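Take a look at the following structure, please.
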């Protein structure tokens, strides 16, 4: 029985240290909590903590990628589970049509300070009511290392499918923007894509794949570009190069003559939320000049703040190329916005591209 | 000739050890990197990434969640496995082989499929994603293991002692807690420890079944996807350290005893 | 057999085995049935075999299963070939008193986190990583070669794990062999090669098979290793399944793919079943 008592002792110690760990880990209790479905740029402590400290509202975040996955997560949840959601601006209506979103009070939001080109009323408003407000935007275009490639080649999407850069390309693994770029390369407009355009798009994709070393998510593709594993990132943009500017100043992006894809993310409030006041406070924080600056320079990825008054340093503005925005915006096209059926077909084409040898 | 074989075995063993340790050494070395990329040249040593890890409340709370899920799910799996092993070993039950087969069946199924199944089931009955949901999944993967270990240890010799205790007037639950369990504690501990190891390191079930409160492997995955930096090396090295401490504890408590 | 010990215990044995049985039924059998039912619907619709049809007609889908099987076969064979001699060295060439330490060292990296292990290999194999860097500095290659983001990287990541696992199972098996077998073989005039082929190898086959089966189950079902190391240059089955969940929340299609994967594993299980019985001491 001596062994048993030794075991007991060991276990008691374990239990004690576990308790101590739990006690250490408990943060001071906050009065209120909201649950937010977000992209990775919203989950850093640098972004959330100032809000939590100032408002006493704790923000629980769950990351997801893509509107399809986000809506599926809502499907799997109980009404009231979620208070705030980040969503592609062009997809706000998909949520509204499902009755998921609550109208936002325009008078309590700094709408006048936003870049008018990214507010996208056509997608974020319905029947005169605002359901989404753009918080951050940027471009999916060509990210590259200017020391390694010819800058002139980066002015056209055709360079991505030519032999010149074979084995020096990475493709960002998100089907919507990259298929949008493929559509531009094939001379189509992203706004009116149909099933009939898919073969041409697939053709471009397969040529890009043949040139590509990898198809990577945010990190993998960022790293590949930053460490010199590849020289070009299809789908890249300031969201890749700006955050890495310190590490590798040679990283740059261009918006080629065919155009680039504008991404724009919005915040929406869930209609079933039980904590609408707290949720609104959070949305107000995100759109405030401080919140905008922190969101724009998130460690996950950088992007343009939608609020022109974002409290960014001159250095940061330079990296984000604040001054050139009007020209960029003029040439950019929106993300493709497929319906459910076309979405599935597009993803199948994407799967075929991944699987192609 | 003999010495040539000797030399060949030494070289072979060194090469395999080298292969096995290459990623671990790389991981730990570049956790002390001073700059932002964990690739050569080595620019450290620096502790900045360890500070970053310890200051990241998402990681530290995920670590506690992982411990919590591991301890509770392993305790449940060990308890259920113990009861079932005892029941099957000591009593003649109809369709015993079939039922034992059912309990051990999850061993042959990928975690991914177990996780998918639970996701579909929980989704259809409205059971929310949570640490409890992941814990239930961890019991599913560990119960067969605990059962198999404990069932293999239920020998004739213990049955005789149990019978003696019963003859002396002990009730069934007393036999179980005061006689059987103490006799089997090495196996019980081994089951618990193995379950802890698997639960602690499990990714895909937790990934599918949790929401914002999640376990450490899922949080590390999120970290990995939100930017490649030596912070991942630092958290990986820390996890390695904690796990090694557990292994040493196990070695000290369990094997030293079993040898004497 | 001890089952004679107490043949009839009334309700007691059912109270003992009940919880484990119910748990398995509720959280293993029922989910499987739910998945099977969902797999014959389409997302947002009713009964349909479209998911299975898609798998068998779309090359990019069934290709994923072939990829999984090819990778797993490669991994299993390479791991056995690497691990067997290693286990033999540990069991036969290292002095008894150091064996435990040698074995623990050989499996120590098990205890790095599973997600982190693949990530570490990415660092090792990257274009500017340790391996390429060393090779270039040694002058063996002039330009870095692509190791990461390939099937080679995925296989390497898997082999690393399974060499450790197989070393463990084969080592345990070798240690169980009585030295008298070898002696008897030698007395009968068999040389070391014949002793190995006719005595040792057949007797260690169970250890190899248990390891091979575990390799098969774990490698066909693993998402992390190919996802981190494969660079999405091809998709394996688990990646295809997670893609359905992650991108579209398409449970029916993901369920159908899971069931197909499970069927394949079941076939492998039946093939190895005779070596996998759980015996009582």
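Read from first to last, the chains carry the letters A, B and C; within each, the first residue is number 1.
Keep in mind that, in the parts below, contacts are C-beta pairs under 8 Å (C-beta built on N, C-alpha and C of every residue); 3 or more make two chains touch, one makes a residue touch a chain.
This is a predicted model, so every value here is computed, not measured.
Undergrad: So, comparing C-alpha centroids, which chain is the farthest one from subunit C?
TA: Of all the other chains, the one whose centre lies farthest from subunit C is A.
Undergrad: Going by the contact definition up top, give me the pair of chains with the most C-beta pairs touching.
TA: Ranked by contacting C-beta pairs, first place goes to B-C.
Undergrad: Distance between subunit A and subunit C based on Cα centroids, please, to the nearest Å.
TA: 35
Undergrad: Between subunit B and subunit C, what is the gap in Å from one C-alpha centre to the other?
TA: Once rounded, the distance between the two centres reads 16 Å.
Undergrad: Using the touch definition from the top, which residues of subunit C touch two or more other chains?
TA: In subunit C, residues 126, 128, 245, 251 touch at least two other chains, as defined above.
Undergrad: Quick check: what residues of subunit A touch more than one other chain, meaning two or more?
TA: In subunit A, residues 76, 220, 223, 227 touch at least two other chains, as defined above.
Undergrad: Subunit B: which residues touch two or more other chains?
TA: 39, 123, 224
Undergrad: Which of the residues in subunit A come into contact with subunit B in the complex?
TA: Against subunit B, the touching part of subunit A is residues 1, 3-4, 6-7, 10, 14, 18, 21-22, 25, 27, 35, 40, 43, 45, 60-63, 76-78, 81, 217-220, 222-223, 226-227, 243, 246-247, 299-300.
Undergrad: Would you mind writing out the residues of subunit A in touch with subunit C in their complex?
TA: 65-66, 68-69, 71-73, 75-76, 167, 173, 175, 212-216, 220, 223-224, 227-229, 340, 343-344, 347-348, 351-352, 354-357
Undergrad: Where on subunit B is subunit A touching in the complex?
TA: Counting only subunit B, the residues touching subunit A are 35-37, 39, 55-58, 60-61, 63-64, 67-68, 71, 123, 126, 128-129, 182, 185, 189, 211-213, 222, 224-228, 249, 253, 257.
Undergrad: Name, in rising order, each residue of subunit C that touches subunit A in their complex.
TA: 44, 58-61, 63-64, 126-128, 146, 148-149, 231-235, 240, 243, 245-251
Undergrad: Which subunit C residues qualify as touching subunit B in the complex?
TA: Interface residues on the subunit C side: 2-9, 12-17, 19-21, 23-25, 27-32, 34-35, 38, 82, 85-86, 89-90, 93, 104-106, 108-109, 111-117, 119-121, 123-124, 126, 128-130, 133, 160, 163-164, 217-218, 220-224, 228, 238, 241-242, 245, 251, 254-255, 258, 261-262, 265-266, 269, 278-281.
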